[in-house]
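What follows are several structures.
You will see two complexes here that share subunit A, one where it goes with subunit B and one where it goes with subunit C.
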Partner chain A sequence: MSRALWLPGLPPLLACIGLLVVWDVFTRAFAIEGLPPPLEALRQLPGILTDPEALLNIAASLKRMAIGFVLAVAFAMPIGLWMGRSRLIAAAFNPLFMVIYPVPKAALMPIIMLWLGVGEASKILVIFLGVSLPVVYHSFQGARTVEEKMLWSAAAMGVGPAGRMLRIVLPATLPEIMVGCRTGLVLALITMVTSEMIARQTGIGNIFFTALDMAQYNDVYAMIIIIGVLGFVCDFAFEAVRRWLVSWADSPHTIAVGSA
Partner chain B sequence: MDAAPQQIATPASTNGKTRLMQKTSDAMIDIASVSKTYSTSQRGDHLALDDVNLTIEEGQFVSILGPSGCGKSTLLYMVGGFVDVSAGSITVKGVPVTGPGPDRGPVFQEFALFPWKTVLENVMYGPLEQGMPKKEAAAWARKLLTLVHLSKYESFYPKELSGGMKQRVALARTLAYKPNILLMDEPFGALDAYTRTRLQNELLDIWERDRKTVMFITHSVEEAVFLSDRVYVMSPSPGHIRKVYDIDLPRPRVRAELLLDRRYQDYVVSIERLLDEQDKEFA
Partner chain C sequence: MNAIALRRTVTEALAGVVPVLCILVPWYILSAGHFVPPALLPSPVDVFVRFVRLLGDPAFLHNVGVTLFRLFAGFGIAVVLGVAIGILAVGNRVVGAVVKPLVRVLAPLPKIALYPALVLTLGFDHSSKVALVVADALFPILLATYQGAASVDPKLVWSARAAGTSPTRCLFTVVLMAALPSILTGARIGLVISCIVVFLAEMIMSTDGLGQMLVKAGRTFQTVDMFVPIIAISVLGLALNGLFNLLSARLLIGFSTRS
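Our next item is the complex of A and B:
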């Protein structure tokens, strides 16, 4: 019995089944109008996942999320590293980022829509903002704690300041950067759905909130399951990439969300 | 050991401070009237090193011995060009030190290996940086790994190695770019007593091959006497040279023989006495 529990994937599977059972018992006991039994919601999944329109919406969402995420990492990582290695830059930017960090990015959506309209640009910008801050923060924290002697060793070999940044600080900080990226990925998913809720045109958030407006609760819960699975798959894939990239690192920064 | 630096007392005024002008000496490393001041926001300026004079001849193995906080590592960092001097001058082969360079290879207590590189890649890093072709660099790195008894571990990552093995890699990595001077900053300080003595023996074996100039920082009296041609003893607050010992013991040195050697014992005992005295002054 105890050995069977250690099969990879079994404990999380049991937890999922447990959740569905609790959900089912709850709906039978209280019969709330907006809460369909889990089987009803699950029954909607094949329909949604074979509907070309729904798939186009999901693809549009993932594309936005990917663009926002990549742009954010490309922007935030160099800034974080630079802040970590220059006291002046850190002193200039750190307070600014600390003020922006707790602001819910989706709350800025209405303002951004005034500037950029309801199209792609607004949504990508909101995702970008959501992802940037954790990546800046972790790159910054990682870069400032790079072992000084490692940089000195490289300097003695003749590696110049730019080379040290790119070839010593960047790889040395990579494990910490990956922690920021992982948080960023989850935030990308959240900001993606909420931005689509506010500016409804296409996307997962659009299907979700349109179903909610029309009181199609089975579809609403089916979408919640889809979003949850999407998050799980993204995180699982990211964790695989992370492990491959920083397998050399001393202490694996594992926060097992998707991975057993 | 008679090549004391020629000093001519020509006061040169810099920012109202008077320093001694140092005539270029032919010593490998010449540290002349060097001071180091750190400015702290709370306690104002803190004098870490006060008027240190020290020379190291080519091919000499010189140790700087002192308690923690006496600034001995700072002195080494300044020779390496990693830390600026506040006053005075440091020259290497008559050329003032302005920054790090491959002529001075550091080996740190913290090993400072590149953890994302394998053992072989770590050792190849310097030669590649100096423009050696990849194949040649790999062959050369393997040779050095054999020298430090680590040829079986070339594909390992630093995290998979013990402290002693890491320090062997660090030594090989530094030797790989052929510095004229080895700057060793308490290299065996983080190792257990057994590994420490093994590595001391290995270091001497390697040193006997080409007798590079070595500046070696330590707080172990036995280590300093066993390895060195000359030992500078430093006192803290502010750090300054307390006394110089020329260690006149035959080479190549064998630990077991030295332990029975009266001269070795005398050096160790007289340095220990000096350190005891120093402790009482600061108690």
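Our next item is the complex of A and C:
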């Protein structure tokens, strides 16, 4: 019994069931209009997941999210590493990031839409902005704490600055970069949903709000469940990749926390 | 030595201005040289003037006040709940066993997806926005509290227990205090998250607040007015962050400055 409880995945599963039970009890006890019992919402799931249009919307959203995420990592990681190794570069970029940090990236959506239109480009750009900050921050923090002796040894053996960056700083920082990427992944999902809520055209956010406008509350809750599962699956998959890439480092035991 | 340190500080401060100028100067040239119609990109001078002028406008101040109220209400509740649950999860094994998997499921969930549900159940007014801020700010605070409290030196607790403190009192007088640096780090992340979330909630569905100002300006293509709320939330975030740093420096007197 006690060993079964520690099977991987079982406690979160129990937590999910617990949440559904609490939700059910809540609806029975208070009967709030606009809060259907969980079974009603779950019953909508097969309908949404077999509807080709809904699936196309979800796929389009995921594609945007993936493109934005990959571009952001490719752009932010070098900047973060460079900031970590050069005091001058760090001093140059820090104030800029400090100013950008409290601005909700999805709030730039209306302005970016003016320039790039309501299409793919503006949504990808917003996701890109949202993911970049945590990746820069964690690469910066990681690169700052690389063991100096390793760099000196490499320099003594004749490895040039670019080689040191690529062969020492990058691998040594990889665990910390992965933490940043994990936060970034959660942020990508959040920014994606939010940007689609603000500029409704296609995607998950669009299905969501169309259902809300038409007062199909069961569909609204079904979408919340789908987005929640999506977040959990992304996080789980990334954790598997991370463990495979940096299995040599101690796992930091952090749970991804997202914000927009 | 001192002169070198001074020169270094000055150089670094100057270096910090460069990227900001790299954005502001092309922005100014593009708009002042009429390369871009002002309806798409207003001049930074216009935006700044408008921002300063609005600071005296009661309607604008009302919106800022509403946003700040929601922000602080949500952040306050999140701090109380997050610290309490985090400490209890460390102090009590049953609470810990319940809380840990729940956090694992709920933390990566995009909380903004709950917003329509919150609007449906709690209504259109303050409470749905405050609830969303709580949902988003809670987890960084809870996790930081949990991690801080779990890594408190057991010798501190043993000494207090040996001196006759009850286990419950120990939790609040020893563990809570020893976990303070970690809790404050979590709370700072939570504060910035609150800033962001309150703005987004107001953008998606609201009748007042800074976020709604932005959406309203966007609908009527008042580009200058679209930039003002964004600058306002950035300034607000910076100011709150600064205040929080002052407060935590004051609270952490006597702690070794680890990071």
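Basically, the second predicted complex is superposed on the first by the 248 of 260 C-alpha atoms of A that agree within 3 Å, B and C clash if a C-alpha of one lies under 4 Å from a C-alpha of the other, contacts with A are read in each partner's own complex, and residues count from 1 in each chain.
The working rule: a residue touches a chain if its C-beta (ideal position, glycine included) is under 8 Å from a C-beta of that chain, and two chains touch if they have at least 3 such contacts.
Here the structure is a predicted model, which is why all the values come from computation and not from measurement.
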Partner chain(s) touched by A:Leu96 [first = subunit B, second = subunit C, both, neither]: second
Contacts of A:Gly228 with subunit B and subunit C, given as first, second, both or neither: second
Touched subunit A residues, subunit B compared with subunit C: C
First, second, both or neither for A:Pro110, with subunit B first and subunit C second: second
First, second, both or neither for A:Leu212, with subunit B first and subunit C second: second
First (subunit B), second (subunit C), both or neither touched by A:Ala31: neither
Which of subunit B and subunit C A:Ala162 touches, first, second, both or neither: neither
On subunit A, positions contacted by subunit B and by subunit C: none
Subunit C contact footprint on subunit A (complex, rising order): 11-12, 14-16, 18-19, 32, 34-35, 87-89, 91-96, 98-104, 106-108, 110-111, 114-115, 186, 189-190, 193-194, 197-198, 208-209, 212, 217, 220-221, 223-224, 227-228, 231-232, 234-235, 254-260
Contact set on subunit B toward subunit A in their complex: 77, 80-82, 99-102, 104-106, 108, 110, 112-117, 125-126, 129-130, 157-159, 173-174, 177, 179
Partner subunit A, residues of subunit C touching it in the complex: 11-13, 15-20, 23, 39-41, 97, 100-114, 116-117, 120-121, 136, 139-140, 143, 189, 192-193, 195-197, 199-200, 203-204, 211, 214-215, 218, 221, 223, 226-227, 229-230, 233-234, 236-238, 240-241
For the subunit A and subunit B complex, residues of the former touching the latter: 147, 149-150, 152-159, 168, 171-172, 174, 246, 248-250
